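Contents: one structure, followed by commentary.
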Amino acid sequence: MGLTLAQLASHLGCEFDGDAACLISGVATLVNATAGDLSFLASSKYRADLAATQASVVVMADRDRTVFVGNVLIAKNPYLIYARAAQLFYPEMLHDGGIHPSAVVDPAAQIDVSAWVNALCVIGPGVIVGANAQIGAGCILDSDITIGRDCRLLSNVVIHGRASLGERCVIQAGAVIGSDGFGYANDRGKWVKIPQVGGVVLGDDVEVGANTTIDRGALSDTIIENGVILDNQVQIAHNVHIGEQTAIAGCTGIAGSTHIGKRCAIGGHVGIVGHLTIADGVQISAKTFVSQSIDNAGFYSSGTPLEPNARWRRNFVRMKQLDDMAHRIKMLEKMIHKLSNDV
Amino acid sequence: MGLTLAQLASHLGCEFDGDAACLISGVATLVNATAGDLSFLASSKYRADLAATQASVVVMADRDRTVFVGNVLIAKNPYLIYARAAQLFYPEMLHDGGIHPSAVVDPAAQIDVSAWVNALCVIGPGVIVGANAQIGAGCILDSDITIGRDCRLLSNVVIHGRASLGERCVIQAGAVIGSDGFGYANDRGKWVKIPQVGGVVLGDDVEVGANTTIDRGALSDTIIENGVILDNQVQIAHNVHIGEQTAIAGCTGIAGSTHIGKRCAIGGHVGIVGHLTIADGVQISAKTFVSQSIDNAGFYSSGTPLEPNARWRRNFVRMKQLDDMAHRIKMLEKMIHKLSNDV
Amino acid sequence: MGLTLAQLASHLGCEFDGDAACLISGVATLVNATAGDLSFLASSKYRADLAATQASVVVMADRDRTVFVGNVLIAKNPYLIYARAAQLFYPEMLHDGGIHPSAVVDPAAQIDVSAWVNALCVIGPGVIVGANAQIGAGCILDSDITIGRDCRLLSNVVIHGRASLGERCVIQAGAVIGSDGFGYANDRGKWVKIPQVGGVVLGDDVEVGANTTIDRGALSDTIIENGVILDNQVQIAHNVHIGEQTAIAGCTGIAGSTHIGKRCAIGGHVGIVGHLTIADGVQISAKTFVSQSIDNAGFYSSGTPLEPNARWRRNFVRMKQLDDMAHRIKMLEKMIHKLSNDV
């Protein structure tokens, strides 16, 4: 599929500069672009890459246009316009509605005629699959599950535990939604399982990464609001609540009943303990350990710096002496003030 | 299903106070409970929630009963009694014995007539499935695997590597048991795979979380003793041995040949290096890095505190100077003692 | 299968000492070995285990042979020779070529006649499976995927996103290759998905652990070079590039566009942020946080030591005061020098 620069600019709502009839049919990085590609300058610091690019048009901020002689699309947020252009040139390939003959579908499931259920899926009783939804091969939707219209499940996704997905959710392969939460009472040294009877509610436009796990609630539901995006191998425990448009990067784990605000950005490999409240608009850098609630928007971190191992070992030992060092500094201050007075 | 308060108290072995004929049919939190629900006061600090609860009965410690006017069940461990009540009101839904016609079962597998094998499972030769076991949709039991009676495997579980499960184990969706351990020798810069020929032995009442992985042993077996509970996305490497009734929270990884004691409680996102020994009764807080054996029961931790990013950056830099700071403190102490003597 | 010690020595290219006719048919640890087993002494520090071993032959370094009266194979790298012997005694069990009747194979897929496709696989259009490849039960190869000759996929592996595997790759169960990268632009507070249209290229002899995830590139490809070994639950983000023979242990995550050199050894639970460059030959210890590029080979670490929780809490608080402590030490040094001059 190709569009002229003028058509593309009109579609994307951008001003353009250059050859209105130039044909664009794909996107690529500045370095890899060839004729017919749209590329983008995400930041002025990459200006050097403009000189050699073969892109037919480059999306850039107004301040950068003077340094480029080729076709340009002007945008306040070039990365966003690149995203929109990529959506245009690489639309999702949707199957027509239907159910693959190898799928095992319970008679008490309701699959919209426009939805596609791929090979070797298992769809249990009480499952509702909405219009145009795409259920990838090998998915298992256990029972009493609702999949909103235009949802897209990649392969081998498992959903159980009375989960409900809003519209346009995308669930990557191997994700598990609705597994039992980690709830046990202890009876004189032996673990007693607490039945997990809550559900999972995903809003609209939620994205869930590959092999990510979201537990069902213990009694009430685990809730993921509209527009939340979860990367691969994220672990969401029972009764967690995540506010809308929050992004969580790979390998992060959130323990039970923690409430994360809206529009948070949480880095990879972060660990957040249970029963906390994280305010709206909080950013947390990668590998941070969050052991207390965060009341105000802002950027938070923890962790220690990378060092050559030999030097790290020396500093590592000293960390056990920190409190002692602090006391010794205080003592030195007292002594020196006394001495200063004495002299 | 409903029980009178008197019946429930008798079943749970608790003293009760209030309307013996009151009907109870479910459990809920104090805040969400409606008529017919049992709720619980896990700790006196939640007493404030009692005032507005609609629960028909609340399980609580004897010391708390004076503050509540409704029906009560008295328990030393209210959380445990809540667990037992929830088991009563929400029993597992078990399928009758049988094999779904879409499952692929090797003629050399032995499936007990009372066991249920759901759709699209693959059961290989030499697999033994015990009485009343429930094998979820899409599970793959490769070959020479034993599943004890009353085990419950959720969907898409994979077991290979000569694994054996005791009785009443619960394996959540997407878990992999018996994958090859990460064993390689190095031949002048190239990795040479070491065949992993050990097995995995799970005791009775073991629970394995969603997308958790347990490697088979290299030569001898990986061993998970009775009553161990593993949360989601836990990684257990080859030849690890975990003692009975130990609990391990999500995203924790345990490297090869480490031996964890009995009744340990290990937080989420903990990393334990290989070839260590952790004593019985050790508790480890979330995100701790364990690089040495732990010889005595107790509560252990590592990690750095969360701070606003700007302040963290200043302290972060200083961590590289800790050894230097310690030397300077020592030098200051020497100088000040000399000065004190001189003055 | 059994070999005489002489045959085995010849096959492994080792010198031997002892009964040339002794029959060897398996491998075991020094402690567990019985008659007929080969065992190995990986390091002189385990010499004490030699006394009681029942092994029929022990592989060891020349310097250790004097302490053992039994049959020995002499090797510079005993662990490597053990690996080679284990490969000999425990060869992979390969299925003859064929496609299980329950597999769903698109007519436009090309499966070599010598390849084996196990039960309930889904093989899409444009998939090419090379000679002798073994595709485990429940694997889903979406479309336009190339599997090189002699690859071995365990159960429930999912591959999509235009991925290509070289020869002799081993992919453990539940791994996902070719999931969408975590790429979004932000439009006034709402996430806009960026189509991920790059592929994944695995070289020859790559090993991928259970439930490990490798994202496809955003525009260009994610690249894993020859001989890379990835443990379980590793997360490789879009456009990461990993150099040949690099090893990455379990639960480690590598963020987008980071370039890891050749022959690196990266421990478990390591987090590496995006857009970094890690030199060839870098070793990183477990649980390290890598937030900057590493320009030179060497051994690097970060992290804090394990302590009893009460002591840790005291030191934990002090970490927030580190910058303050450093300033106070500097002030003390100034004061004491002034005092020394004054006295």
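We just call them A, B and C in the order they show up, numbering each chain from 1.
Note that contacts are C-beta pairs under 8 Å (C-beta built on N, C-alpha and C of every residue); 3 or more make two chains touch, one makes a residue touch a chain.
The structure displayed is predicted, hence computed values, not measured ones.
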- Task: Would you mind naming the chains that touch subunit B and likewise touch subunit C?
- Result: A
- Query: For the homomeric pair subunit A and subunit C, should the interface be classed as same or different, according to whether the shared residue numbers exceed half of all numbers used?
  - Reply: different
- When centres are defined as mean Cα positions, the distance from subunit A to subunit C in whole Å is 25
- Touching two or more other chains in subunit B are residues 120, 138, 156, 174, 211, 233, 251, 269, 303-305, 307, 317, 319, 321-322, 325, 329, 332, 336, 339, 343
- Parts of subunit A lying in touch with subunit B, wherever the complex brings them together: 104, 120, 122, 138, 140, 142, 156, 158, 160, 174, 176, 179-180, 182, 184-187, 189-195, 197, 211, 213, 215, 219-220, 233, 235, 237, 251, 253, 255, 269, 271, 273, 283, 285, 288-292, 294, 298-305, 307, 311, 314-315, 317-319, 321-322, 325, 328-329, 332, 335-336, 339, 342-343
- Message: Residue numbers of subunit C touching subunit B in their complex, please.
- Response: 27-29, 32, 77, 79-80, 82-84, 86-87, 89-90, 92, 100, 102, 118-120, 136-138, 154-156, 170, 172-174, 205, 207, 209-211, 227, 229, 231-233, 245, 247, 249-251, 263, 267-269, 286-287, 303-310, 312-313, 316-317, 319-323, 325-326, 329, 332-333, 336, 339-340, 343
